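Heads up, the next two complexes both have chain A, just with different partners, chain B and then chain C.
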Partner chain A sequence: MTLALYVPRGTVVHRTPAGWKLLALAGLSVLVFAVPTLPVVCGALGAVVVVGLVVARLPAAVLLRQTRAVRWMLVAIFILHAVLTDVLTGTLTVLRLLALVLAAAVVTATTRVTAMVAVVERICRPLEWVGVRPARIGLVIAMALRFIPLIAERADRIRDAQAARGGSVRGLRGLRTTVVPLLVQVLQLAHTVSEALDARGADDVPLRRRDPRAT
Partner chain B sequence: MRLRRETTAPVADPARGIELRGVRHVYGDRVVLSEVDLHLTERRIGIVGANGSGKSTFARLLNGLVVPATGSVLVDGLDTRTHVREVRRRVGFVFQDPDAQIVHPTVAEDAAYGLENQGVPAAERAARVAEVLERYGLAGHADHPAHLLSGGQKQLLAIAGVLVMRPARIVFDEPTTLLDLVNTRRVAQIIDELDQQVVVVTHDLELLDGFDRVLVFDAGRVVADGPPDSSVAAYRALMVHR
Partner chain C sequence: MKTKDLAYIALFAAITAVLGLVPAIQVGPVPITAQTLGVMLAGAVLGARRGFLSQLLFLVLVAIGLPLLASGTGGLAVFAGPTAGYLISWPIAAFVVGWLTERFWARYNLAWGVLANVVGGILVIYAIGVPVLAAMANLSPRAAIVSGALPFLIGDGIKAVLAAVIAVQVRRSYPVIERPQRAVALK
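Right after this comes the complex of A and B.
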């Protein structure tokens, strides 16, 4: 399981500040919903593919992986529209969603997590007035990205251990025998992680932790 | 850059090392450490003992992760109870399980985490991270997801993440427990080459070769304290009677 999708390259897309990329993503979303015509949506999709593959020099596999991940959802939406409305609306909706999914993939693959988190922290900065520390919000996002694959890996290990001892890994019983030990492990891990954060100076975090020039 | 700092930090004296005075610690009703009075000034100090003997709690006392129930721990004269941030800047801590220590998704981002907390400027941060990753053979993995590293590489990243902060002392809590022989040797070599004062909690007695002092813990007390040969012999004798 891979959440860290960053593909290191030295292209202009990679060098563009994360805030601008997120703004462009938001702009594209507004455009394809505000102007739902086939030329605009197809143009948006084509532009995303060109930016991703040619300008950002991303491997085609990055975009294909995202397409595969949503393919059944797109098929279901198309069928639903074909039955309930018409084929053109279904096509438009599917292409629109695909353009946005691929655009998000391009942004993710060309932007480091730290840069993305820095943008979130900047957006959250007004919350300092009510005592919220934006750096902490950023840390939570980064840690979620870091620990989701790790917890998935531990769940796999538990399932393997259960299966190796002849236990059931399916159904309600399988769920119980996986979830309970996983919860115990996650709680133990959380305790050690909190110690590690302390040891690495998490309490020293200034109100503005990130360098605004971070990209 | 605004940092919250201790307001009444006394002048620290590195020559004073780490002092534990009348330390006792409990978890609930269970006494995990008692009557610990030590002065740690040697460059290489090993800690051995059976599971549950209080070694890890002892290690955590040294950089203020655990504050003793009674008694005090002083690092360069700074009390861990009242100057915990300053103490943690001086005493780095490497955990047994690197997965618990790596908190950022990619290698370079995680190595930079402690420096960000210290408010180190971006350019210096990048240079120090690049240098430490190069030194530990992780430069080619800088942008890789941390969870895809091997166990040995993860431990190297955990060590790099601490060393990049340039602490004066480093505590290792069973750093080789999860490693194969090759990576165990690599970590042993890294520890050997460090200029800093090092305290290593371990079950790997070979790791203690060349150490200056080894403490043996049993039931929360220091039962042997001396050069590696005599302490390890005392430890082996203690385990024979279990």
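Right after this comes the complex of A and C.
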């Protein structure tokens, strides 16, 4: 399971801090919605493609994959517009969405997940005032990432166990014989993990971080 | 919030991610996915607060660049696309499902479960997803409803019933939502 969309390269775009890239992305989306004219939208789209392929040296496949994922959406939107409003609005809308999707794909492909987690923690820092501990956000992200393959593995195991007993694993009965046991198992597992974390002092994380370099 | 709650939150974010392995069916601009089942389950099993946070965490995982959505996509791109509203509605939907489930908790059964899932997991998602679709794709409200809500009603109805069946069973064997405060105080 390849679990990241990051493409390692040593370019300027990669070195730009994640926070700045996110701000630029937000700025771009404000621009193309505030000034929805063909030159502006085409210019934005062109600039994004140049930054992505030339400056950040991303393989075209990275951008094509994101485009492929939204192609039917864009086709459907274009057809709806061609029928209901006019072709120009359809073109403009599709190009605008394409520019935003590609820009976001460039940010994602040039920024490490860890850098993004750091931005999330920084954004959440004001929440300390309402009792949220930003350091625990990293913990909960790490737990979720570990649980994903674990759930898939447990699901396989339960399905095998039921099949070995000749039980049904499909339909509404399958729901009772596989999905419910799976949920109960992983709930118990989550509880066990939390007890193990508490036993190792996960609950003692100070509310205000003392050393800003420590994560 | 205890470590246990964090683990449950991480778990249901992961469950919504795993449901993304079920392939999506593309109908017009918005795909049909199994992932809204995860949204309903998060609310129905964890309750409002933890359900909300679990789906918010899922969106954070998607936003920081993990391809966890049913179409195999992820990253910030999906929040710039026409279906962004549906995604953003998930934590709120889980909250509403959870809030209603907590209200119904003492007499929770299939019927109350379906009601909570339909209101939170269908109405709330459409109420946020459809207007955002209309704005992002420049569609009239009518066209947005026809392309962004009607094709999903049957599938979402089935998911609401499935989630309720599962939630009733889980409530019986491993209840996570605690009893109302008064009952605890009496102990």
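Quick note on the criterion: the second predicted complex is superposed on the first by the 134 of 215 C-alpha atoms of A that agree within 3 Å, B and C clash if a C-alpha of one lies under 4 Å from a C-alpha of the other, contacts with A are read in each partner's own complex, and residues count from 1 in each chain.
We adopt the following convention: a residue touches a chain if its C-beta (ideal position, glycine included) is under 8 Å from a C-beta of that chain, and two chains touch if they have at least 3 such contacts.
Quick caveat: nothing in here was measured; it's all calculated off a predicted structure.
Legend: residue contacts after superposition of the two complexes on their common chain; A:L145 is shown touching both chain B and chain C.
Between chain B and chain C, C contacts the larger number of chain A residues. Once the two complexes are laid over each other on the shared chain, residue contacts for A:Q66 go to chain C alone; chain B is not touched. In the superposed pair of complexes, A:V113 makes contact with chain B and with chain C alike. In the superposition on chain A, A:A163 makes contact with neither chain B nor chain C.
Of the two partner chains, chain B and chain C are each touched by A:Y6. When both complexes are overlaid on chain A, the residue A:R136 reaches chain C alone and has no touch with chain B.
After overlaying the two complexes on the shared chain, residue contacts for A:L84 are found with chain C alone; chain B is out of touch. Judged by the touch definition given at the top, the superposed model places A:D198 against both chain B and chain C. In the superposition on chain A, A:V35 contacts neither chain B nor chain C.
In the superposition on chain A, the residues of chain A contacting both chain B and chain C are 2-4, 6, 113, 139, 143, 145, 150, 189, 193, 195, 197-198, 202-203.
Partner chain A is touched in their complex by these residues of chain C: 2-4, 6-11, 13-15, 17-18, 21, 26, 28-30, 41, 45, 57-58, 60-61, 63-68, 71-83, 136-140, 143, 147, 162, 165-166, 169-170, 173-174, 176. Contact residues of chain A toward chain C in the complex are 2-6, 22, 25, 29, 66, 69-70, 72-73, 76-77, 80-81, 84-85, 89, 92-93, 97, 100-105, 107-109, 111, 113, 116-117, 120, 136, 139-141, 143-145, 147-148, 150-152, 155, 172, 175-176, 179-180, 183-184, 186-191, 193-195, 197-198, 202-203.
Taken together, the chain A residues at the contact with chain B in this complex read 2-4, 6, 8, 112-114, 139, 142-143, 145-146, 149-150, 153, 189, 192-193, 195-211, 213-214.
Here chain B touches chain A in the complex through residues 1-4, 60, 63-65, 84-85, 88-89, 92-93, 95, 97, 99-106, 109-110, 112-114, 116-119, 121-122, 142-148, 161-162, 165, going by the rule given at the top.
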